[in-house]
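Read from first to last, the chains carry the letters A, B, C and D; within each, the first residue is number 1.
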Amino acid sequence: MRCALAVLLAVCTVTLAAQRPAESAQRPDFSGYWELRLDSFRVPRAALTPQSTAAAESQAKKDAEALSRCALIGMPAVMDDRSALDVRHAPTVIGMVAKSPSSARYIYIDGRSHPAADELEPTTNGHSIGRWDGDTLVVDTVGFNDRGVTRIPGGGHRTPASHLVERYRLHEDGQRLSVVFTWEDPSVFQRPHSYEFRYYKVSEISEPRVINCVPNAERTRFLSGVPQ
Amino acid sequence: MSLTCWGVDMAVPRLRVTMLLLLLPTVLVPGTVHAQAPSAPDRHIEGHWVRKDVGGAGNFGGLANQIPPAQLTPEAAAGRGGGPGRAGGPGRGGGQQPSTPNAAGVPYIVVERPCANPGRGNGALLINPDSGGIHIIEHKDEVILAGERGGVRHIYLDARPHPAPGSRVPVNAGHSLGRYEGDALIVDTIGLTPGGVAGGGLRTAETRLRERLEVSPDGKTMTITYTWEDPKIYQKPHTYSYVFDRLPSGSYAFEDWCDAGDPIEKQSIVPPPQKP
Amino acid sequence: MRGLKAGHMRSYRVAAIVLGAGIAALFSYVASAQTRETAGTPASRDLSGFWELSFDSRRVPDANLLSAVTRAVRAERAKRDAYAIRWCNLLGMPFVMDSGRPLDIRQGRTAVIIVPENASGPRYLYLDRSTHIGEEIFDPTAYGDSIAHWEGDTLVADTIGFHPDRGITTIPGGGHRSATSHLVERYRLLQGGQVLSVVFTWTDPKVFRTPHTYEFRYYRLPADYEPRTWLPCDPFDDGRGQFLEGPAPRAGAGGK
Amino acid sequence: MFKVTRIVSCAIAMIVLTAAATHAQRPAAAIAPPLPGMSGMWLVQDPGSGSWAAWFNNVPKPAVRPEIARDNEETEKREAAGNVVNTMARRPDCPVGNLPMMMASSPPLNIVVARDEVLIAAESGRGRFIYTDGRQHPDTKAPSYVPSGFGHSIGRWEGDTLVVDTIGFPARVCDSRRPVMLVPGGGRAKDTSHLVERFRLADPETLSVTFTWEDPTVYVKPHTYGYTYKRIPEGLPIENNEQAPAPAANQTGAK
């Protein structure tokens, strides 16, 4: 399946027209190392559906298992990494890299739409496109799968049906980045669940930049067992 | 409420004394773990220390006057507005001083931003400690100085270099490297935030501070000798010493609780009703 | 106020020191002749280093709480914790052990110091006494009074004397620190000293039905890591205050 | 093992297929501005090597030191004899990533050219960080430096060309077949190696990268080769997040 998609993409290189960068007026540049601190969180409790409440325990166990196996953690855990998030802002795309095992996240701001559902292979980060609302970047994400760490701050979890809207805005002369997350998922939330993180800009990022996570029995015992 | 707040702080030394008295029996009762032959005095700088009023000045002004005045360069003296002053470390921002006495029950607001540390971190008090206790832990790779009234200094002994000049934002504790000369710890510090120095001195991020921490032969006192070097500021190195008393083994660090959200932290005396 | 406070404290302190010094002279022989550094300490019994919690560092089961810890009690505790964060209070235990930034842990002859990278003060585990300061003497604190001893390659730290309200009191897995809390921590190096395991066990007759145990595993950072000494926490930063105290985030708010 | 085989076969298929696309495109005269132009998803082009091994060696042969040449011959013999499976266990201290391999492989590269840093990663993975903020390399000989297979890269713009300087590769990697990272053509990338890359848009859809390796312990003279990459408009990175199987009970991983 993946190979087929890759081959398809390769063939597409000769057929598709060149993509032009979107017009970029004077927009904020979100590039930088962004760090969460203990006063970075405004997370109300989510209004969960009964089925989501009932599934909380099994979902937590599934998340722990994903951790023990070094699975890519995915959204929204990548945005909740305690090591600084590396955000790089180009005219057509914003790249984000977390230290914890995860895919790089790309937010396309070149005017494209989400691919059709049958063309989109779900991922832990989903497919993200952004548009500007004044100086706020509004990012729309669909195409999630249910792998990795699915827990959502405030309650609930990511599913393939989840829809996330994020609003990115700079504060304090560009020294803080506000991201308001709003999740919608009729199987999980009774109503849209919003929370806000405020990241602090830092000048350095600690090395090594990525964690080399290796699954082993001791790790599994620790993450799934009861403390001795 | 104000009294309650004061009570917490002021009760602390009394409790420490009580604690010492309670500890006393443990060394007098035969057969306790401490009943052994006297050993050599403790020359380690690790331990709990409190600054001593060596000359018996009796107040802060007197203590400050014991510091020899810094010999500033003309440029530095002009920049600070004249001759040697008595600048201390960065303060916490005082409130406005009223021109007329407050009415009964109206507290004097003496600190607008209590407990706040919006600048470049703690540690300034540990460059020139005040009367708050300091606590030192020695490890082969790092010595840590922690202050009862806030702040921690990390003194690296692992042969790392100072950061390149200008590569780091200056911080109140600076960047410190240490090494031992016999029992004395020699500390070299740069990268301090600009500010004042005891004895009317000044400092910038380029100013170098050398400290020598040495415990007396009897193990009871520690002298820290400070030497400030900066050709742009000082005609000659500015040197002075502080002396500290060692607190007994078994002492502990007090918690300096300060709640910025409590309005009482801003105020001082509440004038009582006056007799007509 | 600071100056006044310090001045009054000093006079008391000097008196305490004079008396203390006299008493100290009586048992100065207590001081043992040990080497200055910890160079002779076996590596398996030197916890010193820069330690960081990672995304996979926490194993925290749900606590078995007493029925007295109602939803309302938990909500009240959460409110207090938010206040402590809002006003940059000293964090206290157990939050300081998971404050989001690396810890500098240094083991000396007389104590282990645990230094967080924020405005909160350090924590001490005293190695030079085997009993707690009596409750008639010790004023409860956000960190409590911690004494520690070695059992093989495990450092066992015992803490009581907690302040019931100061700082962040919520305990991972549920429950909260109170005046009757008792914490035992077991520190042990794993994987050749690259991982520090700390197993926390809380007991409290007013909070937990059964002892509540959880484990954190800290990863060692490079030896030349430099902790930040400047992380500010400014309770009078208006933007920060509005963020933390403002209306709940909602869709389309844009973080304003 | 299965996963590796699948990825390799997939890679070969892609390279062969994209070969047809290559000669239809020639560099255009117009040069896109460097910042917006280089960001995007890029697929390395192969003129038709037919296999991964042939592709990896399809660059000018480097002049290598005799011991490297001998080691290449022995490695070829071992692989011909069937030693194609890496039997080394993964450990936390194994260096992650492989720069020369990633830049030569068919999983498309995602490039984000931002003001102070350039990200380059294959598919949805996390890869290289190229610092363009003026910083220097760290002391890669310091004990605290943790080498990754991507080394440490700093970059600068020379007109429309991004010049990237990389050092700090690991001396060894956790691969029983090739314990030192290979460089296309038969070279090595290791702790003594120095790489200079020049990234340039030949036209808005074509990225040209020239690689020059220097290492007195490997090469007699600098080893230079180049690759061409084609843009994949609106390409989507594939995520490889197969849940790892539960580890065997006797595999502790603890030292």
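As a convention for this text, contacts are C-beta pairs under 8 Å (C-beta built on N, C-alpha and C of every residue); 3 or more make two chains touch, one makes a residue touch a chain.
Quick caveat, the model's predicted, so the values are computed rather than measured.
Trainee: Under the document's definition of touching, what chains do subunit A and subunit D have as common neighbours?
Mentor: For subunit A paired with subunit D, the chains in contact with each are C, in label order.
Trainee: Could you work out which chain's C-alpha centre is the most distant one from the centre of subunit C?
Mentor: If we average the C-alpha coordinates per chain, D ends up farthest from subunit C.
Trainee: Based on mean C-alpha positions, which chain is nearest the centroid of every protein C-alpha shown?
Mentor: Chain nearest the overall C-alpha centroid, as shown: C.
Trainee: Go ahead and note the Å separation of the Cα centroids belonging to subunit C and subunit D.
Mentor: The separation of the two C-alpha centroids amounts to 45 Å.
Trainee: How far is the middle of subunit B from the middle of subunit C, if each middle is the mean of its Cα atoms, in Å?
Mentor: Averaging C-alpha atoms per chain gives centres 22 Å apart.
Trainee: If you average the CA atoms of subunit A and of subunit C, how far apart do the two points sit, in angstrom?
Mentor: 32
Trainee: Touching at least two other chains at once: which residues of subunit C meet that condition?
Mentor: 86, 222-225, 231, 233
Trainee: Show the residues in subunit D shared as contacts by 2 or more other chains, in ascending order.
Mentor: Where subunit D meets two or more other chains at a single residue, that happens at 92, 146, 254.
Trainee: Identify all positions of subunit B at which a residue touches two or more other chains, and write them in rising order.
Mentor: In subunit B, the residues touching two or more other chains are 169.
Trainee: What graph shape do the protein chains here make by touch: line, ring, star, complete or other?
Mentor: other
Trainee: Show me, using the given definition of touch, all chain pairs that touch one another.
Mentor: Per the contact definition above, the touching pairs are A-C, A-D, B-C, C-D.
Trainee: Could you list, by residue number, the parts of subunit C that touch subunit D in their complex?
Mentor: So the residues of subunit C touching subunit D come out as 190-192, 194, 222-225.
Trainee: Please give the residue numbers of subunit C that touch subunit B in the complex, ascending.
Mentor: Result: residues 1-10, 12-17, 19-21, 23-24, 26-34, 36-39, 46, 48, 83, 86-90, 104, 106-113, 115, 119, 121-122, 124, 126, 128-129, 133-134, 136-139, 141-143, 145, 166, 223-224, 226-237 of subunit C touch subunit B.
Trainee: Report the residues of subunit D in contact with subunit C in the complex, numbered from low to high.
Mentor: 92, 142-144, 146, 254-255
Trainee: Per the contact definition, I'd like the list of subunit D residues that touch subunit A in the complex.
Mentor: Going by the criterion above, the answer is residues 6, 9-10, 13-14, 17-18, 20-21, 24-25, 35-37, 39-40, 43, 90-94, 96, 106-108, 110, 112-119, 121, 124-127, 129, 138, 145-146, 148, 204-205, 230-241, 243-254.
Trainee: Quick check: in the complex, which residue numbers of subunit B touch subunit C?
Mentor: Going through subunit B, the ones touching subunit C are 6, 8-24, 27-28, 34, 36-44, 46-47, 50, 52-53, 59-60, 91-92, 110-111, 113-123, 130-133, 135, 137-142, 144, 146, 149-150, 152-154, 158, 160, 163, 169, 171-173, 175, 180, 183, 219-220, 245-253, 255-261, 265-268.
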